[in-house]
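The structure follows.
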C-alpha cells in the first residue's frame, strides 16, 4: 500500500465557515465511513463508569466536538497545517452496549479502536474518564510495550478501588502489568494532591517511571521538562495521554477530580509543542466533564490541546 | 411519483443508543445528502442578525440538535411514531456567506429551503431569530397565500425598526405584504408585554388576523383556543411558527426578548397536539438563545416542541 | 399648586432606543434632581442588613434598574401608558452611612423618602430586604393608619429575631404597633411554608388581618382574591408591598428565603391588574437578590411587577 | 418495648438557629447512632450507577441535606409538627464499597436499610437514582407485597437495559417480580415523554397498575387524583416513591432525565398532602442531580417534598 | 483657553459610597452634559454587529459600568489619582439608529466621538466589538497617522469576511489604508491561535507592524515588551487598544472569540503601567461579552484595565 | 498533663470512603464533643455582617466543609500526614444569637474560641468575613502580642467605615491597638488594588508592619518572600490569616471584594509550605462567598489552603 497522503482529501468546507454553523464533528472534519481513507481518526469515548468522584465525562466527547469548531488549521507557532499533512476525520463514538460494567465496556473500546488500528489509522481519543486509556492501548500496542508521556494531576497507577482493578485510577498500572507500557520509557508530569496512601506514587517510582511532580516541573521550567520527556521516551513508539485535570482548576474546572495548583494552559501548550518529532502512535485527552464547566472553558482548552496533539500526530504520521 | 413511504428507510441506530453518544444531528436522524429520499427535513438556520435586543440565537440550531438527543420516537399521548410514518432527516444548516446583511442572508435562507421544497420535502426549521420565517415562506409558498398559526409573545407585525423592514419584529407583516400569508387565515396566540406604540397590535387587528393575547388564552383554556385556531386556518395549507418566547421565562429563559407571564410548557404541548390533521406545509421553532440558558431547559423545551411539531408534520405529510 | 400633569414632561429618548443602550435608570426615566417636577419617584433601597437567611438584596436596585430597560410604555391589557398620565422619574438610591446598624439605616430610609413625600411625590421603592417597608411607611403615613395589600410567602409579622425587633420578618407588626397600618384594612396573600412557631401567623390573624394562604388563593382563583383585597382595603389610602418570594422559586429563584409552592408570574400580574382604581399612596417590590439569579429572570419579573405597579400608581395619582 | 414517643427526644437546637449555620444533617436533626431511639430515619443513598442518561444523583443526598436546613417544623396547612409526633433523625449514608457494580451496591443498600427496619425505624430515603427503591423494598417488605404510590415522569417498569435488569428504569418491574409490590395496589402518577418502545407502559397496564399520565392528571385535577390513589392503595401497607423528574424541568432542572410538561411544585405538594392517614411503611425522594441545578431550586424542592412526606410518615408512624 | 485642571471639579460622592449603591456610571463619575467641562470622557459603544463568532459585546458597556463601581481612585503602585489630575466623566453611549448595518453604525460612532474630540476631550471607549476602533480613529485622528499599541489575541488585520471589509477582524488594516495608523509605529502584543490562512499575520508583518506573539512575549518578559512598545511608538501621538481576549480565558471567559494560552491579568496590568508618559490620544477596552461571563470576572478585569488606562490618559492629558 | 498524641485517635472511616458520601464535616473528621480529646479544631464562623461590598461569606463554612471532602491525608510534597501527628476534629460553628450587631457577634466568636483555647486546642477557623480574625485573636492571645503572617489583597488596617470600627477592613488595626498583634512581627503579602485614600496603607507602614505588595512579591519570587516572612515573625508565637481574595479572581471568584492581579494558587501553596516550623498558634481562611462561586473552585481552593495550613499547624502543635 502506498504511503498515505492528504492530496486526495478535500477539506470539509465547514472548516472555513462561521464556527457556529453545521453539525459539530471533531474539528469540523468529515465523519469517517471507511477508515482506509484516513490517516488519523479522532474518536469519542463517552464513558465515565470508572470514576472515583464526580461523574460526567460521558458528555466530554460531545462538548469537545462542539468547542472544537473554534479550532482552525494553521498553527501560529509551528505554521504546521495538519490537514495538509494528513487525512484527518471524525471516527464517531465507541458504541457501548453494556455501560454498567467496566470490563465489557473496556472490551468494546478495544474492539472499536482495533478496527481503526487495523486499517492503519492513528487514533486521537476524546474521553471519557481516564480508564479508557488502558483498553485503547490494548487495541494499538501489538509489538511489545511502548513509551508513555502522561500529563496529569494523578499517577493513575493505583491498584484496586471499590473492588475493581480497572477504575480511572489504575490504567497505567494495568498497562505495565500487561506489557503494553514500558515503565522505563514512561514519564508522568504534573502530579500533585494529597492522597490517603502513597501506594500509587510508590508504584510509579518503584517500577521505574519518571515522575515529575508539579513543584519539580515549575522549578525545571518547560524547556527542561521537555528535554527530560524526550530523554525518557527516546525514539521508540510512544503514546501520549493528556488528562485535563493536569491543568489548574482555574483553567479547567470541568473535570471530576480537580486538584488545585496545576499547570497553566500555556505551560501545557508549550510542553506539547516540545514533543514534535517523537514517534507517536496515538493519544488521548480525557476527563472533560461538561456539567462542571459553566463557562465552557474546559471544553475549549480540551479542544485546543487536541489541536496541539493533532499537529504532533500529523507530523509523526505524515 | 409514487407517494413517499417510510418503508425503505432504516432508522438510525442512534435513536436507541444512550442519548449522550454519537454526533448530535437533529433527533439523531440521518444527515440528508439527497433530499429526494426524505419527506421531512429538519433544517438549522443559525442566524440572529435581525434581533432587537439580546443576540445569540445563531447558536440555537446547535443546542437544539444537542438537546434533541433526548427526544424519542413514540408519542405518549397519540402513540404516533413519526419515523414510521415518514422519512425524516437532518437537512444541515443554511450556509450563510454574508452574515452582516439581513436581506442577502434572507435570500440565502430562501434558496436553501427552496432546494428542499423543490424535492417535495417539508421543512421543520430550527432558528435563529424570528426574521427567518419570512424567507422560509418565500421558499415554500408558491400558490397563493397560506394560513398561519403563530405562537409567540409578540405579534411580529411591526414595521421598520432601526432602518430595516426585515427585523425579527416584522416577518408576518412582510409575509402579508408579499401575499405569502392570508391574514384572514392567521391566528396569533400568547401575545403580551408592553410596547412603546400599539402599531404592531393594530396592524394585526386591522389586517384581519385573530390575535389571542395570553389573558384571553388563559380565560378560554387550551381546548377553546385550539378550536379557534382550527376555525381560523381551516383546511387550507398552513404554516406553523413557534417562538420559544411564547413560553414564560421560567420555562424558557434562553431567548432574546423574554416576556413575563407566558405559556407553560404543557399548555404549549396541548395546544400543538390539538392541531393534528391540519394541512401543514412547514413549521419552525425560533429564538432559542443558548447563552442565556444556563440549565439547558430552553433547548430541551425547544427540542420537545420540535418533536411535537414533527409528529404533526408526519401525519400531515404521511 | 395646580394639579400635576405630564404635559410638560418630555419622555427620555432612551425609552424608545434599543434596550441595551444607555445608563440604566429605572425604566430608563430621567434621574430626578428636583422632586417637585415629578409625580412618582422610583427609588432604590440597597439594603439587606436585616435578612434572616441569605443576604444579597442590597444588589437588588441595580439589577432591577438593569432589567427595567426591557420595560416599555403602553400596557397590553389596559392600554394605559403611565408616562402619559404622570411625570415619573428615578429617585436614585437612599444614601446609607451606617450600614451595620438596622435602626440608623431605617432612619436614613425614612428621611430619604420623607424628602420626596414632602414634595408630593408618590414612591415606588425597589428593595432591598423587606425590613425597608416599615421606615418607608414612617415617611409617608402621616394622617392615621393606612390599608395594606401585602403579597408575600411570609406574613412578616413576627416579633424579635436574634435580638432585633426590626428584621425583615417584622415590618408589618411594627407598622401596626406604630399605628401606621390598620390591620383591619390589611390583606396578606400568598403565605406559605413551614415555621418553627405559629407566632407570626397567629399575630396576623389575632390582630385582624386577612391572610390568604396560597392554598386558599388557588382555590379562590385570582378574581375572588382581587375582590377580597378590594373589600378589605376599600377606598382609603393603601400601601402595596410586593415581596418577590411570593412567586414560586421557579419564577423567582433570586431571593433570600425562597419558599416552594408559590404564585406564578401571571397570577401575580393579574392580581395586580385587579387593583386598578384603589387609593394607592406608595408601593414597593422587595427581596430581589441577584447573586442567586443566574438567568436574570428574577430581576426581569421584579421589573415587570414594578411596571404593573407603576401603572396602578399612575392611575391613582394622575 | 413501650410504644415510641417523642417525649424524651430533645429537638436539636439547630432547628431554630439561622439556617446557614452548623453541619447540614437532614432537616438539621440529630445523627442517629442507635436506631432504637428513633421512629423515622432519613437516610442518604449516594448512588447513581444505574442511570441511563446524565449521572450525578450520587451528590443528591449532600445537597438535599444542605437545602433541608431551610425546612422548619410546623406545617402551614395541616399544622402538624412531625418532630412532636415522632423521633426523627439522620441515618447517615449507605456505605458503598463496590460502586462499580449494580447488584452488589443494591445488596449494600438492602443491608443498610434492613438494619433500621429491624430496629422498627421507618425510612425516608434520599437518592440517588431510582434503582435504589428496589433494594429498599427488599429490606422493608417482609410480609407479602405492599402498595405503591409512585410519582414520576416514567413508569420505571422497563426490562433489561444495556445488559442489566437493574437500571433506574426497572425497579418497579423487579419489585412485582419478587412479590414485593402488589401491582393491583400500585398507582403511577405524572407519566409522560416519548419512548422508543411502549414496553414499560404496556407492562404497567397489563400487570394491573393504575397509570395516570400527566394529561389525565391535569384533566382530573389534584383532588380526583388523590381519591384515585387512595382507592388503589386502600388501607394496606404502602410505599411512597417520589421521583423529582415528575416535576416540570422549570421547577426541577437538576435531574438526569428531565421531561418537559410535568407537575408544578404546588400540584405535587397538594397531591402529597392528600395522602394523610395512609398506612405508609417508607418513602423516598430520588434523582436530584445537583450538577444540573444552578439555582439550587431542585434541591430546595426536593427537600420540601421530603418535609411533606416526613409529615405523612410521622402521622402514619406516630 | 486656559489649560484644563481638575480644581473646579467636585468628585461625585458615589466614589466613596458603598460600591453597590447608586446609578452605575463609568467609575461612578458624573454624566457629561457639556463636554467642554471635561478632559476625559469614558464612552460606551454598545455595538456587536461585526463579530465573526459569538455576539454579545453590545452588553459590554453596561456591565463594565456596573463592575467599574468597584474601581477606586488612588493607584496602589503609582499613587496616581487620575481624578486629581483631570476632569473625568461618563460620556454616555453612542446612540445607534441603524444597528443592522456596519457602515452606518460606524459613521454614528465617528460622529459621537467627534463631538467630544472637537471639545478637546480625550476618549476612553468601552466596547462593543473590536470593529469600533476604526470609526473612533476616524473621529480623533486628524493630523496624519498615529501610533498604536494593540493588545489582543488576534492581529485584526484581516481583509474581507463574509462580504464585509469592516468586521471586527479588520479595523487596523482599514486604519492603515485610511492613513489613520502608522504601521511602523504599531505594535501588536499577545497574538496567538490557529488560523485558516496566514493572511492577517502576513499583512501585519509585511506592512511593517511589530507583532509580539504570546510565546515571544513570555520569553521577553513584561519589561522587555514594554521597552519594545515604547521604542516602536516613540513620542508621537499614540492610540491604545485593549481587546479583552488578549487575556487567557481563565481570566476573561466572557468574550466572543476566546483563545487559550493568553496573558494573565497581572501581566496585562504591568504592561499597561509600563506605558506611563506616552503621548496617548485615546484608548479602548473591547470585546467584553457579559452573556459568557458567569462570574463577572471578565467585566471586573475589563473595568480594572480601564482604570489602569485612565491613569495613563490622565497623566498624558493632565 | 502529658503531651497529646494522636495514638488513641481513630481516623474517621469517611477519610477513605468515596468523597461524595457522608455528612460533610471539615476534612471528614469527627465532630468534637470534648475539646480535651483534640489538638486542633477546625471551626466554622458563618458571619458576614461586617463586609463593605458583597455579602455571602456566612455560607463559607458550609461550602468549605463540602469541598474539604476532596482533601486527603498525606501531603504530596512534605509527605506529612497531619492526622498521624495530631488529633484533629471539626469544632462546629460559632453559635450566633445577635447577628445584626457586629460587636456582640464578635463577643460570641471570642467566647466560642476561648472554650477551645482553654482546653489547649489550636484553632483553624473558616470564615466568614475578615472581621472575625480580631475576636479570634482576643480569644487566643493572652500573653502579649503575637506575630502575624497575613496573606490578602488588602491590608485590613483601615479605621472606621460607615460608623463602625470593626468592619472587615479593620481587624489588624484593632489587633495592634489592643496589643494582640506586634506590628514589628507582622507581614502582609499580596496587597493590591486602588483605594479612595491611602490611610490603611499608611497605617501599616507607619506602625511598622512589613507590607509586600503583589508587584514586589512577584519580583522577589516565592522563596524570597518566605525568607522575609520568616525573618519578620521569627520564632515567637505567630498567627496566620489567609484571605481568599489574596488569590486572583481567576482562581477564587467567590469572594466579596475581588481584586484583579493576585496570587496564583500554586504561589499561595508554595508560600504556605515555606512556613513549616514556625510557632503557629492559630490560623484562619476567610472571605469565601459561595454565592459568587459558580464552579466551586473558590471553595475547593479554600479547602486546599486549609489543608496546607492544617499540615503546618499539625507540625507546630504535634
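Going by the order they are written in, the chains are A, B, C, D, E and F; count residues from 1 in each one.
Heads up, the rule we're going with is that a contact is a pair of C-beta atoms (placed from the backbone, for glycine too) under 8 Å apart; a residue touches a chain by one contact, two chains touch by 3 or more.
Since this is a predicted model, take the numbers as computed values, not measurements.
Asker: Any chance you could name the chains that touch subunit B and subunit C both?
Answerer: Under the touch definition, subunit B and subunit C have D, E as mutual neighbours.
Asker: Given that subunit E is a copy of subunit F, what angle of rotation, in degrees and a multiple of 5, matches their CA positions?
Answerer: Rounded to the nearest 5 degrees, it is 120.
Asker: If I list every residue number at the interface of subunit B and subunit D, are over half of them used by both copies, so same, or under half, so different?
Answerer: Shared-number fraction below one half, so different.
Asker: Can you work out the whole-Å distance between the CA centroids of subunit B and subunit F?
Answerer: That pair's centroid distance is 56 Å.
Asker: What whole-Å value do you get for the distance between subunit D and subunit F if each is reduced to the mean of its CA atoms?
Answerer: 40
Asker: What are the residues of subunit D that contact at least two other chains?
Answerer: Residues 18, 20, 54, 58-59, 96, 99, 162, 248, 250, 292, 294-295.
Asker: Chain contact topology under the given definition, line, ring, star, complete or other?
Answerer: Contact map by chain: other.
Asker: Every pair of chains that touch: which are they?
Answerer: A-B, A-D, A-E, A-F, B-C, B-D, B-E, C-D, C-E, C-F, D-F, E-F
Asker: Would you mind writing out the residues of subunit A in touch with subunit D in their complex?
Answerer: Contacts found on subunit A: 48-50, 54-56, 58-59, 96-102, 104, 162-164, 167, 291-292, 294.
Asker: Inside the complex, what are the residues of subunit F that reach subunit D?
Answerer: Where subunit F meets subunit D, its residues are 13, 17-18, 20-25, 31, 44, 46, 58-59, 62, 65-66, 90, 92-93, 95-96, 99, 294.
Asker: Quick check on the complex: what are the subunit B residues that touch subunit C?
Answerer: 52-54, 162, 191-198, 201, 213-215, 218, 248-250, 253-254, 257-258, 260-262, 292-295
Asker: Tell me, which parts of subunit E touch subunit F in their complex?
Answerer: Of all residues in subunit E, those touching subunit F are 15-16, 18-20, 70-77, 79, 248, 250-251, 264-266, 269-270, 294-297, 300-301, 304, 307.
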